[in-house]
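Consider the two complexes below, in which chain A is the common component and chain B and chain C are the respective partners.
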Partner chain A sequence: MSSVILRSDFKGLSPAEFFYRNREIAGFSNPVRALYQTIRELLENSLDATELYGILPTIEIDIKIDEEHSDRVIITVKDNGIGVPIEHVPYVFGSVFYGSKYDLKQSRGIFGLGIKMAVLYSQLTTGKPIFVRSSTPDSPIVHEEEIMIDISKNMPIIVSQRIFKKRRKEHGTEVRITIEGNWAMAKRRVEEYVRRTAMIAPYAEIRLRGPDLELEFKRSTRILPNPPRLGKPHPYGVDIELLKMLISDCDANMTLKEFLLKKFEGTGERTIATFLRWSKLNGNAKVKKLSIKDLDQLSKAMRGFSKWRRPRPIPLSPLGEKLLKEGVKKILKPEYISAVTRKASSYSGHPFIVEVAIAYGGEIPVVDKPILYRFANKIPLLYDEGVDVARKVVDSIDWGYYKVKFPAPLAVIVHICSTKIPFKGVGKEAVADVPEVEREIANAIKDCARRLRRHISYIEKIHEIKRRKITILKYLPEVTRALNEITGVSEKTIKEKLIAILEKDLKSRGEAKIGKEAKTKSV
Partner chain B sequence: MSSVILRSDFKGLSPAEFFYRNREIAGFSNPVRALYQTIRELLENSLDATELYGILPTIEIDIKIDEEHSDRVIITVKDNGIGVPIEHVPYVFGSVFYGSKYDLKQSRGIFGLGIKMAVLYSQLTTGKPIFVRSSTPDSPIVHEEEIMIDISKNMPIIVSQRIFKKRRKEHGTEVRITIEGNWAMAKRRVEEYVRRTAMIAPYAEIRLRGPDLELEFKRSTRILPNPPRLGKPHPYGVDIELLKMLISDCDANMTLKEFLLKKFEGTGERTIATFLRWSKLNGNAKVKKLSIKDLDQLSKAMRGFSKWRRPRPIPLSPLGEKLLKEGVKKILKPEYISAVTRKASSYSGHPFIVEVAIAYGGEIPVVDKPILYRFANKIPLLYDEGVDVARKVVDSIDWGYYKVKFPAPLAVIVHICSTKIPFKGVGKEAVADVPEVEREIANAIKDCARRLRRHISYIEKIHEIKRRKITILKYLPEVTRALNEITGVSEKTIKEKLIAILEKDLKSRGEAKIGKEAKTKSV
Partner chain C sequence: MVKRRRRKAFKAPTYEEVIERLEALGRVVVDQIMKGEKPYFEIPVRSLANTIWDSRRRILRLGSKKAIRDFFSINESKKFMQTVLMLSLMLRARRENDYPTIRDLYYTGKHTIEYVDHLGRKRTEETWYDQRESNAIIQDIEVMTGILREHMGIMHDAKGKIVGNVIIRSKGYRIDLSRLGSGAYAIPPNPDRLEILEVDAEYVLVVEKDAIFERLNEEEYWRREKCVLITGKGQPDRSTRRMVRRLSEEFGLPIYILTDCDSFGFYIYSVYRSGSISLSYESERLATPDAKFIGVAVTDIYEYKIPKNYIIKATERDLKRAKELLSYPWFSSKAWQKQLKLFLKRKEKIEIEALSGHGFKFLSHRYLPEKISTGKWIE
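Moving on to the complex of A and B:
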């Protein structure tokens, strides 16, 4: 054996350098995907900056080809959101892992990574800084910055900064970024992404302008879902490190009992008393004095106790059945739609809600298996459908049982809301198959599918009635003639009367059904 | 519209905190997967620490259930590798993004993340440090450490350290870690992972001992693939940031021409002259003096120039056809095998090599579509097959053309080596569909499949001959009797002679074929 020992160099990377090197794991793998991903991150930030704060979103996306370099794309996104305070701009745009997205509440952004990836990509493909113009509602100024990232230090470089007095009541953020991108190839995906965003956010006004494209999605409602509120961690999802972090914020006298009561979701006086009795832990112990071993015991007990209350859904912001139907109708224009928003559930201490809509007929194309529209915290997911939990569930449903015979015009819309979506990667494209989530998706789809079955039964009956009418009409001349011979009444009169009776009969049967189903269809 | 403006807090996370919060993106999503992932990271580190340095790997994996806590697993992995120098131990095990894996050469580890994720997971589920015992070949000491991570600072905590005088010639690393894990559920995956590792590294000796498991994979060869050597970046994959980093290492007088010659792969005097003429750039310019705009022009030119030489495969370490067959035979025990190692190719400046083996018959189960074994830089990939480029290619092959009629006993083994595997996530489970890689996989599979077709044709012929023999034997008594009546020679003699002629005939036809095919089968 030849022993060729080569020493490796050891080295530390900054987070910016790590993601610069591994940009494809965040979706920045080539000029097509990077362009799509950049637009997506900007649009998501704008939606988070508006609807999470109770503002009806109005967003303009503008895409231009760089006149000097045909392989470069200039992307501008402008919103009417809450703006970024001037002191945070450099870090929000110029330092990886810095952001406002780490609160315990539902938002589109969750990794604090997206916009910085776009800045990194811009920087390394065009050498240009990102341009930001922003103002907060309460501020008297508007500020403009050009930001780059010092990759090896993961620190922002402020290339320029200008401050203006605000002349009219305005707030929001405008971002402009130049990247190497392939618009011709990315166009269809971007269009589809914006279309699906309009589906899940029917209260948003989004305008997309490109070199050969002009799309406008007007808001079809002025109702916003309830914004999410800050949540607390649930005892079931606790670990030693989380306990340490929470305890570091406590004052010296806080007891274990107070700690459990104040810092967690799903705990109340009575539950805590039961927990302390069950776990044999001392509720009067000072939390600041607990050792690692104590914390280990405590976390084990908290995760082992079966009687915590379920987390409340206050940090979540589902669309609700009405808005979901509104959005789906606006975009897919189906003949029939049903929607279900399930009650809040939880996995590993994270609350989540599943919403599902089923759309059938109308302008939905006839396909061999259901078209799936996936959303997570109102983000449309376009890639990697094959490994998403929702696809797995949809494919496992016995659609024949619900009277759907493929090929059929069927679309299934699945929306998962959570303070922590179990994404399979930082590119946010597929949701992992967590058993609790899987079960909720299946139940929601089945709820909707049962209603769809009633609708299809009804459609079948209508067809049956129509078929019968046609049969009767076929024999009408002979019947009329016979009755005329027997009764002497004119053929014309007999025919008119018979048709009137038939129509009335069909109408009453049909309308009774229509009346019953109409409720399901529109509510 | 109600304007409920809630301010968010802005906050920066350390890399350790980021991955602590998002551990599922690195595969640490639950006690089953985390156990699998931990064993995997440790085994991969051990293999990298041995074979990359020309050492035949001998690795022991030991898994025990914690006697005090039945939901905790103690994992020990010991290797005969190059060891970790004492001064690097705290960072290698206790600081995210610190490591030896950032060189431009093929290795299993690439993100500098795996072992730290295991340490984080251990810490948050059991509160315990990782134990490390290590020694480098040239050092007179053996050292032992217990390491934890200060998550908010991303810095190591050295819980304990001991140093011993080395008593016998030894080198390598032993790591012990205690995590919450579910052995009963993870066992089969772990077993399969080790089995596949033994397939791709037939020169490794791996012992896996668990509570109810004892597996030993002996090395079936003492031949190691050539270790990879350090490579340089290829001009085609350059960007402005890479240019900046490379230039920061240059001295003040280095000219652009020298820079291109010394710092890149695929450049030579003549190529550079052509490049400078084509790009109209000044080869005598001092690189330290180039502005961002100059760098932008330079990187654009470098990526636009079509005449760079292909990157050489020196930083790569493919198995080669012989070792690949060796490994596949050892584990799958097929009747027939063919293998191909393609020439080096490249995507975005990264060199890569695709190797494929096709195994048929023998102990391979009969299946409806080919069983796929995926490997990337000798890492077996077990999850997310559905979105892997290799699955896509295998499914697109018209197997009927190669005489494979499903159900059939067919396995396809695909191995991709690169300085940069285009993984879809930090969990290293699926390879993205980069067109260049896709094409190479398809070509390699077709090469192998053509040989398989010849084999199947041969098998079909043998069957045909045998069938004919049976037919002839069936009529033999009548023929014998007839000949006996005509010639008077005894039936016994006639029968023996006829059979001898027949056997000889069959044998010559068969063996000609066998001789021809045998070459394909064993080389």
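Moving on to the complex of A and C:
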């Protein structure tokens, strides 16, 4: 969760205190939403701690109702990830804004703000500390801690700590947290969330156990998507805060020219020279000495310059067509699926990639308009579908052109990867109508839909051949009986001849169809 | 007793010929199958578009358009099955010397086919669901073989009646149609199976309505006027039309048609004379091109000064039908155009009974004799 702006606007208030007072923003507004949000934070952290480091995720989620307090839920999430080094634990779980929030790469938000919100919410509603048990792969120990947050000082409190010698080869993190929550109400949403997560991460093994629920999503592939590499910000996406951040890491002698060249994506010697000429800025000025006014001028010029190269998709980690199909197939069990991963594109300096899959038939329910599954950086989006750009695009498509006649068993899966997803509002559940993104989604859907159309025509023809065969066979006994009565030629002879004619007819039709099908197999 | 001599004897196909023709039709299909070809029937199209007005012979005829009924084309497959099914039933009736009605054929051929559809569901289908389907197939076989169903020994609900100085022979019995008392002879479904031995009459009067027929019969109009009296009870069936045609063709009798004065009466006249659109393929045997419309004409309403209380306002349907008649080539004569245009202009109609406005005897003692003797009919 990005929070750069908030931080500067609310100076004087401890960040922990601020979030404590504004927990609705982070999704902890009521016991239903809070339970859902906590599970979400933990599951996403576990996925990031595994797949980003080349580990096939195995994650167990365990939900229990507190025996003494029926309004309290105990959530345990255990993964086989890289673990948290013992010295980082207090800060990772007990101090808001710990962590490298300015890394420019796609992630779900590894141990970001969300987990601390969960800790705060737990503390507020049950007064209980968070339990952590973790071990890194190369460490000889396993450690367990109980952590709370000192809200006014934004400092962790270590309630207890135990260290064990590692007995068997293991690594990963187990987190247990007790919060006030409403499992009965949150159950279906949690279930759906986990189901959709399993769809976008077919390489993960996820088990979900609840008081009246047991779900297991088996790993259906051992292939992981390429992890994202660290990228640099693009000039189109800068603001004063970001410039300040980047400058704080520079040494005293770095000039503006060097700064632009080294710290940004899409710049080069020649482009910078053109930019400096165009903006009339002094390329030899020392960046450390720039005033707020200078920085304001610089950021405006960087955003206004039209000749930066497009950002490269280095920091992005799309699933790829194969994995996306694998995941969708595993969860939706369709009769047909096509998927496309578009080339990288960008909007206001932020690279993004759109992936779309279209699933048809099989176990997909027959509905009046396409079922939409939305994902942003591999996170399922469950809320606010009505205002999402993907819904808008899906609804604007003339499905009849692609031979889909509603009600139909059709699902559309849209995954957007970006270093900055253009969310609508603070809820982060709907993507805004950015024209570049909208166009990419539309192109991807149309691409998939064209393949679906070929498939449907193929199926129609197969059905037509089947219907044909059934029709002829249905009337055959009556026809042979009557012709026998009329002419005296034996029923057997007539029947055999007619069947031979039918087989020849079906064969010639079938072969014509198979020829066409070969072309559609390009998926 | 002056006897009119028969001009020519009509020869209906014998039952042996019927069997041969029906078998030949099935044989064509089986031959196709034996050669490994997809079997089909070639059927003349029975629709308005394929109905031709033959102005020389003054009858409606079937055009030359033919349709292919292919067993292997999905939309025709069932009709193909129905065609061979019906063919086998008709043939069975002839071979076993039975005389089923068209409804018998419907029931005998109706059974349930069980099958599994392309989605694996168990389903059933009837060979045909109502009699209109099987009747249509019978008509298809009639046009393909060129044999009327009456000649194939298939019965229907015949409703025509005849009375007059006529002696016929049916199944070996001589029947004198002038010795039936208050009754009349019911025209059988296949009038070609009876022999018309003697006719002592000057003309044939065909009346649309049964009630008028009964009245004229009761007062023995036919004996006094020396005519044959026939009714088809409204829209005439095939056997009534065939009987009228035979009397015209074989005995050269003038045929006069009396109907109500409205569009439907006019159309009934044209069915006797030219044939109907739906059965145009039968016109060659059923139509009587020389039949004359004796009345009641539109102009009669005014010329005979029919009292106002007998005049009815024409309905929208009457007017619509009259406009259609106006465009048919078989109503294109000057006289008919005049009648129809007057009808459309005055929007008035009357029934035959309206002539009683001048007394109950007016129709039989003045109107008909006057019209026939002065030649005031319409063609």
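Just so we're on the same page, the second predicted complex is superposed on the first by the 388 of 523 C-alpha atoms of A that agree within 3 Å, B and C clash if a C-alpha of one lies under 4 Å from a C-alpha of the other, contacts with A are read in each partner's own complex, and residues count from 1 in each chain.
Everything that follows uses one rule, which is that contacts are C-beta pairs under 8 Å (C-beta built on N, C-alpha and C of every residue); 3 or more make two chains touch, one makes a residue touch a chain.
Every value quoted in this text rests on a predicted model; they were computed, and no experiment measured them.
Of the two partner chains placed by the overlay, only chain C lies in contact with A:468; chain B stays clear of it.
By the touch criterion defined above, A:123 reaches chain B but does not reach chain C. Applying the stated contact rule after C-alpha superposition, one finds that A:436 touches neither chain B nor chain C. In the superposition on chain A, contact is made by A:29 with chain B only, not with chain C.
By the touch criterion defined above, A:487 lies against chain C but remains apart from chain B after alignment on the C-alpha atoms of chain A.
Using the contact criterion defined above for the overlaid structures, shared-chain residue A:62 touches neither chain B nor chain C, since it reaches no partner.
Residue contacts after overlaying the shared chain place A:479 against chain C, while chain B stays out of touching range.
More residues of chain A are touched by B (comparison of chain B with chain C). Across the two superposed structures, the residue set of chain A contacted by chain B and also by chain C is empty.
Chain contact summary for the complex, chain B toward chain A: residues 1-15, 17-18, 20-22, 24-25, 29, 52-56, 69, 82, 88, 91-92, 95, 97-103, 111-112, 123-127, 137, 151-152, 222, 224, 227, 229, 239-242, 245, 292-293, 295-296, 300, 384, 386-387, 422-427, 430, 432, 434. Across the interface of their complex, chain C is touched by residues 463, 466-468, 470-475, 477-479, 481-483, 485-487, 489, 494, 497-498, 500-502, 504-505 of chain A.
On the side of chain C, the complex with chain A involves touching residues 22-23, 25-27, 29-30, 33-34, 36-39, 71-72, 74, 77-78, 80-81, 84-85, 87-88, 91-92, 113, 115-118, 125, 127.
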